[in-house]
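I have a structure here, written as structure tokens, and I will follow up with some questions on it.
Letters A, B and C mark the chains as written, and numbering starts fresh at 1 in each.
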């Protein structure tokens, strides 16, 4: 076991030498785990409650937006896609999302049904 | 410094840092912990890292000091006769909370299914757009949104 | 001066708020930062309907039966914290002020999903989904003349996977 003094006295050259030596195998997936740790840091930081900031120009922005809504002629929105195949793919994805979200509901209902033994109208209505 | 720059410049040195940490601490788990601590520290201060001309040298010095701190802390625990100096209570609580929160989030990430973990890391750490992630993983964007939303929910439950 | 602008803004917002629709909501938020927006127009749906042998993407959703009955699709997905609650409020005001009926509501670990339909026994003329998760709000609004049976089958098919 190295003493604190020995470690304190390690020069940069010695450290760099040790870095280059293959004395111990580097564990598999080290970089991947480090990336996860950094992602965890970002998420943990994001979860910290932040003080609300008062933005003084918000009222002007609202005024501008409201004016734009009323003053400018109401044109319909523009199609996001020019190609009907791409548009179709997007519609398909939308239904996938709707199903995924609906699955959340039915999973809960199924669990509840199992525990309570009661039928649920919504589930029946959907699956009729 | 962007996330990509940080990873290019620093993450590529992780093997070197590990070897030195192992040399000093003589224990695999301790060495990996120390390297993780190093990277979290570098990441928090990444704005200031852009000016460093020798990243390896800088990292090794910080690592050495972190390892020294580790050893001192573990030795202090072995000799409880001396009471630790009381720190300012507020700050200590905050630091402990912070460490605990990070540990919980990290555990939660590790327990995610592979796809969710991959997508979460690409979005949170690399800051990639849904389009970029879709390209990289071959998943469609709405599937991505569902996966991410599930992953975030799991992490949130833990915090 | 600022106070006068704010007053008029409030007045104007009051007027425009009563005219909520999928289109208005879409137009209000589609250009905001961190909002992904998709709009498929009636004309585009007609073109889709003309594609021979509509092929299915990776997810095996058989939409062709329903798609020919659709006339509009608005999708807004927002991760913009500063507009999320406004978007949600507008969407809720929209469904509450029209003849939409709540089809289903689910709350799971901080995520709330509500789905609404409007129409009669045989036909769904409108469908709205409002999903609120931490930091993310999704609004999907579908217009059309969808046979209720087909719509329900389609969604149930997806769910049983």
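One rule holds in what follows: a residue touches a chain if its C-beta (ideal position, glycine included) is under 8 Å from a C-beta of that chain, and two chains touch if they have at least 3 such contacts.
Keep in mind the model is a prediction, meaning the values are calculated, not measured.
Undergrad: Between A-C and B-C, flag the pair that has more C-beta pairs in contact.
TA: Output for the comparison: A-C.
Undergrad: Suppose every chain is reduced to the average of its Cα atoms; which one is closest to the average of all protein Cα atoms?
TA: A
Undergrad: Give, as an integer number of Å, the spacing between the C-alpha centres of subunit B and subunit A.
TA: 18
Undergrad: Could you state the distance in Å from the CA-based centre of subunit A to that of subunit C?
TA: 21
Undergrad: Could you please state the distance in Å, as a whole number, between where the Cα atoms of subunit B are centred and where those of subunit C are centred?
TA: 39
Undergrad: Going by the touch rule set out above, which residues of subunit A reach two or more other chains?
TA: 93-94, 96-97, 100
Undergrad: Touching at least two other chains at once: which residues of subunit C meet that condition?
TA: In subunit C, 57, 59, 108, 111, 138 touch at least two other chains.
Undergrad: At which residue positions does subunit B touch at least two other chains?
TA: As it turns out, subunit B has residues touching two or more other chains at 140, 143, 145, 156.
Undergrad: Name, in rising order, each residue of subunit A that touches subunit B in their complex.
TA: The contact residues of subunit A facing subunit B are 1-2, 4, 7-8, 10, 12, 15-16, 18-24, 26-27, 30-31, 33-44, 47-48, 93-94, 96-97, 100.
Undergrad: So in the complex, the part of subunit A that touches subunit C is made up of which residues?
TA: Result: residues 59-60, 62-63, 65-67, 69-70, 76-81, 84-85, 87-108, 122, 125-128 of subunit A touch subunit C.
Undergrad: Along subunit C, where are the residues that touch subunit B in the complex?
TA: Result: residues 36, 57-59, 77, 108-111, 133-136, 138 of subunit C touch subunit B.
Undergrad: Please name which positions on subunit B make contact with subunit A in the complex.
TA: Touch list, subunit B to subunit A: 7, 11, 14-20, 22-24, 26, 28, 31-32, 35-36, 39-40, 43-44, 56-57, 60-61, 63-64, 67-68, 71-72, 98, 101-102, 105-106, 108-110, 117, 120-121, 124-125, 140-143, 145-146, 155-156, 159.
Undergrad: Provide the residue numbers of subunit C that touch subunit A in the complex, in ascending order.
TA: My answer: residues 2, 5-6, 8-9, 12-13, 15-16, 23, 26-28, 30, 37-41, 43-45, 47-48, 50-51, 54, 56-57, 59, 61, 63, 67, 70, 73-75, 103-106, 108, 111, 113, 115, 127, 129, 131, 138, 140, 142, 152, 154-156, 158-159.
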